[in-house]
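Look at the two complexes coming up: chain A is in both, with chain B in one and chain C in the other.
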Partner chain A sequence: MNVLTVLLLFTAFLITRVSNLRLAIQILIVQSLGVAVACVWSGLGSELMHTYIAAMLTVVIKAGMIPYALFRVAARLRNETENKPILSPNQTSLAAALLLAVAYGLVDQALPGLGRDALAGALSGFLIGLLIMITRRQAVLQIVGLIMMENGIYLLGLSMTRGLPLIIELGVFFDVMVAVIVLGILTFRLKLSFMTTDTTVLQKLKG
Partner chain B sequence: MNDLELDRLFFQMVIIFLTGCMSAVALWKSPRLANCVSHGLAAGGCALMFYLAGTVLAGGEAVLIFIGRWLHAGEVALRIDPLAAFFLLLLSVVGGAASIYAIGYTADHYSRRYAILPVLFNLFLLSTVFVFASSHAGAFLIAWELMTLTSLLLVVYEHEHAANVRAGFIYVVMTYTGTAFLMAGFFIMAAAAGDLSFEKFIAVSLTQPQRDLVFLLAFIGFGTKAGIIPLHVWLPKAHPAAPSHVSAILSGVMLKTAIYGMARFYLEFLGVGPTWWGVMVIGFGIVSALLGVLYALMETDIKRLLAYSSLENLGVVLLGVGAGMVFSSAGKPLLAGLAWAAALFHAFNHGIFKALLFLAAGAVVQATGTRDLEALGGLIRRMPYTAAAFFVGALAISSLPPLNGFISEWLTLQSLFFLPQALTGVSGKIAGALLFIALAMTAALVAACFVKVFGIAFLARARSRKAETAKEAPFTMTLPMLGLAGACLYFGLQPHSMLQAISRVLQPYIGIDTRGLFEVDRIGLMIQANHAEGVLSVTLLAGLLLIGCLAAAGLYYLRGKAVRVTAPIWACGRAATPRNQYSATGFSGPVRWSFRYVLRSQRQRIVDENENIYVGRKLAYHQSIRYIVDEAIYYPVQRWILRQARFMKRLQAGSVQLYVGYVLVVTIVVLAWSGRK
Partner chain C sequence: MALEMLVQAVGITLLAPLLQGFIQWCKARLQNRRGPSPLQPYRNLFKLLAKDMVVAGTASWISFVTPFVCFGAAIAVAALLPVVSSGWGVSDLFLIVYLFGLSRFLLALAGLDSGNSFAGMGSSREMYLAVLVEPAFLLAIVATAGAVGTTELGRMVQHATAHSFTLPYVLAAGAFFIVVIAECGRIPVDNPDTHLELTMFQEATLIEYSGRQLALLLWSVYVRQLAMVVLFVELFFPWHWFDLIPSLFVWGMLKIFLVGFLLALTETSTAKMRLFRLPNFLAASGLLALLALVAR
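For the complex of A and B:
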């Protein structure tokens, strides 16, 4: 389990450093696969059938359909890279490290006693996802941040409760899928309307 | 008639109103048919309501219509007691007249969305019925909100005009704020009684601070609906915005739901309270009465003028209510009965003559296409029936005998006259004397106001082309107007029937004794209160009036036969135009000057100096008054809210990244907070 936590954190830190959209999506696939393995891992211990279904869904949706959709969007966005992020890669990595420390602090304070490292890893995955959304201008990178956040939440739930009821997980997957579809369409419209997928142009919409 | 038949009658009435809604929906493709059927059914429902309310009122016993258990709500009952029946009677008279009037009036409004109008009209009447009939806090609040909602939709029915939508918005804000206070009041009662039904509220034991709180909450809640100053801001905007037949019900009946609510709370639930309750009600009443009539006098929009005049009349009703409360707390049940009876009778009378005036004003507006008094004139020759009906209404609202407004205002005056008996101390005596004068002044100002309206709108020459070509309204519109005018005359000449019914309504309440208050003598109505006996002989008054009229006619004919000479009007050598006539603004000038410290009138004259002064110069003249209540209370509140809104707006920078940042911060804060030791 600790190996997987490290994998999660490693991919999260890696994403703070990339500016190429396709590379970010590839890293995301690795992270999602790691989450699926963690899911199977916890299923092995408890012999619950539905964890396997959840793991399968993770692979299909988060490592399959969503990256596929993102690749398709990214393919149309040729000259789009994260040129001037709001925080530079070095600063972002530093902030991510700070968030990791904050996550450990929060876990110690709010949820003492449970698996400390796994919880802190999951929580920092969630926070770093948010950080990516805050510090990146590119719409695709924001979607990547959203999925990272989602992975973090999923792992958090997994390490605290040994898997949520299947119906809730299905709901969460459906939620994420719809969100990504909508965001994908929005990204595409953004490109059409503003000739760029830099989300800071959205400030022009404010009345 | 026993309860069973009355409850069947009630449900028949409900079904008739619902059929009225449905038929309008079903016939939406042929508005003419929808109009006749739907409004006709509404009139039929009102006729049944009249019979029902009359029976209950004559019987003097509460009638249980329906009772059922509802999950946690307890026993939900529909009950018509004499108090409710009294107000239902008013609704049936005004609603019936407005329904028939609507057939002619709305025939001008046929359009694609016409069907909405009769549907809402029927629903509005029905929800008002339920406001009066509900004997359960939850049911009452639901009916109350339905009434607000349907009336709101009627107010914004002509939503092409931005002013109407704005009026609707202000109405919603004010009335929902009022309802919030009402709910708080009801919940305090319910928590103490352990039940939501009105029957359990009656003998509920509250501590004195709790009673004070309930009194204040109900006063603010119902006061917002009644439009007492300073809670009135919505009223002069919303009432004129609605179609005229709806305005008639809004002013005539919906305002009275507030008086009904106050009677329920102060007579039935709270019983006899401390003296300051009544004094406070009187204070707000007299301010509403005086300011209301002053603003009415300044107004040149005929419907808004009538709306402001409603403020004045509700103020007069509140004077009666407050005096009644003062008398009960001073242990003078007979005087309390007199004051409450005056209040209820004035509420009833105001409902009738204000509805009449709104209907007549609607006919004028429809015939001329304008609400501006300055563009009217000379309508008495073109619209004789409307003019006659409006004249009767104007006399009644100016409280002149032998019309109904005189009786109730005179009774209010009488009860104020006795006020020094109940208020101890010098200040009480002085206040009693001043109130007496203030009410008399109000009545005089109302008379001036309606001299202005009638003189400017109906007499002299037409001030615009539209007024010149006006046609009399169809009989479906004039008939209900004349009917209401007849009712004004009837209750003016035969007030004892209604007054005795009101005394039966009031008799069961604590602190009130109306036995032998109103006796019918050979010469007329006798009022016996404490040591003083008042005699009001309407027949004598009518006789005197008749003699006066005959004498005037005799003198006129004694002078010899009138000779008609036709000649041009002398206007300093120039042709006299209708613009040379007295204007509505000019007529109210002296009052505006006398009350300039209250009205803060401002005027602006722009003179074109370039032209020769001997030939005549171009003049532009603007006259406006400032509303001190709005400026003192509402503008600061508005400014404060806008300032807060500007501050909040800074949070919404429009940046996606910033918004996600808020999520991050909130997440960390919540997690840290949840883990605090």
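For the complex of A and C:
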């Protein structure tokens, strides 16, 4: 479990430094696969069938369909990269390290006794995803941040309970998938109307 | 205890130029050159020790004192490392880090003192590097010290021997290897073989030195390098981990030269980094150390 927490954090930190869209998506695939393995891992103990189904869904949706959609969008965007993020890669990494410390503090204060490292890792994965969403201008990277947040929440649930009921997980997956599809379409429209997917141009009304 | 320390200090000091020669020889071989013999650094040192000094006109007592202090600090580090025995309880991690810091500080001062503009540039860069390397160095080792609950190196090495190749140690090894590269002035960070102005850190601060003083300074650089490699081997590939060869000494030497080969390999396979890319490189070290802290 420790290995998976470290993998989650490592990928999260990598994404804070990446400006290439395709690379960010590839890292995201690795992270999602890690989450799926964590899901199987927790299922091994409890012998509940639905954790395996949830793991399979994670692989299919988060490591398959969503990255595929994002790759499609990224391929149409051609050479767009994150040029001027609001925080530079070094600053973002530093902020992410701070968030990690915050997550540890929060877990120690609010939820003592539970699996500390896994919980703090999941929480900081969530926070770093939020950080990416806030500090990146590229729409695709913001979507990547969203999926990272989702992965963090999923692991949080996994480390606190022994897996949520299947129907709730199905709902969450469906939510995320629809969100990503909508965001993908919006990103593409953004490209068509503004010639860029830099979200800071969305300040003026266009009639 | 005192005798053991003395033997160890003398041993490391005498072996240090061999490691430097070995790395250069490996590098030459990897680049399809024949290269100088691994004993070449000894010959250079002997030659320099026999030569007279030419002292810069502006040089003050700082320039005079620096070689002795650097050499002394290097020998002190060599004596303090827990190699022969890990029991004497005086080798604190912070002491080692700041003995390195002391010699770096004086070298930078001496560079400014010599009045040479290249040396001044070298000092400024050396300090810039120090700001980046020191936290990475401390973080990389503290990541492993956290599990032990002490910064005393002997105990840390014992703990490392018991827990070698667990996840925190593997991550911290990655972090520390980057620090070793930076601290030894090896290629992605600094080029130890040239006096070209674009690549100068440490070499530039030595540029006004000659003769015996240069010999002492170079020797202290070699000792520092060997000390870093020994520390790396002790913490992350501990001595008693594997009793393949009965004599632990031979096995230890083998590991030290293996790390030397690894340094030569990274040096031939990577290009020198731009100065302002260095924070990113050392941030990678910091990141690995942070993950090692989490993984514990």
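We adopt the following convention: the second predicted complex is superposed on the first by the 204 of 207 C-alpha atoms of A that agree within 3 Å, B and C clash if a C-alpha of one lies under 4 Å from a C-alpha of the other, contacts with A are read in each partner's own complex, and residues count from 1 in each chain.
We adopt the following convention: a contact is a pair of C-beta atoms (placed from the backbone, for glycine too) under 8 Å apart; a residue touches a chain by one contact, two chains touch by 3 or more.
Since we're looking at a predicted model, the values are computed, not measured.
Student: Would you mind checking whether chain B and chain C clash or fit side by side on chain A after the superposition?
Tutor: Fit - chain B and chain C, as placed by superposing on chain A, sit side by side.
Student: For the superposed three-chain arrangement, provide the angle chain B-chain A-chain C between C-alpha centres, rounded in steps of 10 degrees.
Tutor: The C-alpha centres give an angle of about 140 degrees at chain A.
Student: Please work out whether A:Ile134 is in contact with chain B alone, chain C alone, both, or neither, and reply first, second, both or neither.
Tutor: first
Student: Does chain B (first) or chain C (second) touch A:Gln142, or do both, or does neither?
Tutor: In the superposed model, A:Gln142 contacts chain B only, not chain C.
Student: On the superposed three-chain arrangement, identify whether chain B or chain C touches more chain A residues.
Tutor: B
Student: Please work out whether A:Ile61 is in contact with chain B alone, chain C alone, both, or neither, and reply first, second, both or neither.
Tutor: Neither partner.
Student: With both complexes overlaid on chain A, does A:Ile86 touch chain B (first), chain C (second), both or neither?
Tutor: first
Student: Under the stated touch criterion, which partner chain does A:Leu21 make contact with: chain B (first), chain C (second), both, or neither?
Tutor: neither
Student: Just chain B (first), just chain C (second), both, or neither: which does A:Ala38 touch?
Tutor: So A:Ala38 meets neither chain B nor chain C here.
Student: Is A:Thr200 touching anything from chain B or chain C once the two structures are fitted on A? First, second, both or neither.
Tutor: Touch partner of A:Thr200: chain B, not chain C.
Student: Smallest separation in Å between any Cα of chain B and any Cα of chain C in the superposed model?
Tutor: It comes out at 20 Å between the closest C-alpha atoms.
Student: Which stretch or stretches of chain A touch chain C in the complex?
Tutor: It is residues 2-3, 5-6, 9-10, 13, 17, 89-90, 93, 97, 100, 117, 120-121 of chain A that touch chain C.
Student: Would you tell me which residues of chain C are touching chain A in their complex?
Tutor: Residues in contact with chain A: 167, 171, 279-280, 283, 286-287, 290-291, 294-295.
Student: Please output the residues of chain B touching chain A within their complex, sorted ascending.
Tutor: For this pair, the touching residues of chain B are 652-658, 660-661, 663-664, 667-668, 671-672, 674-677.
Student: Which positions of chain A touch chain B when the two form their complex?
Tutor: 86, 102, 106, 109-111, 123, 126-127, 130-131, 133-137, 142, 145, 199-200, 202-206
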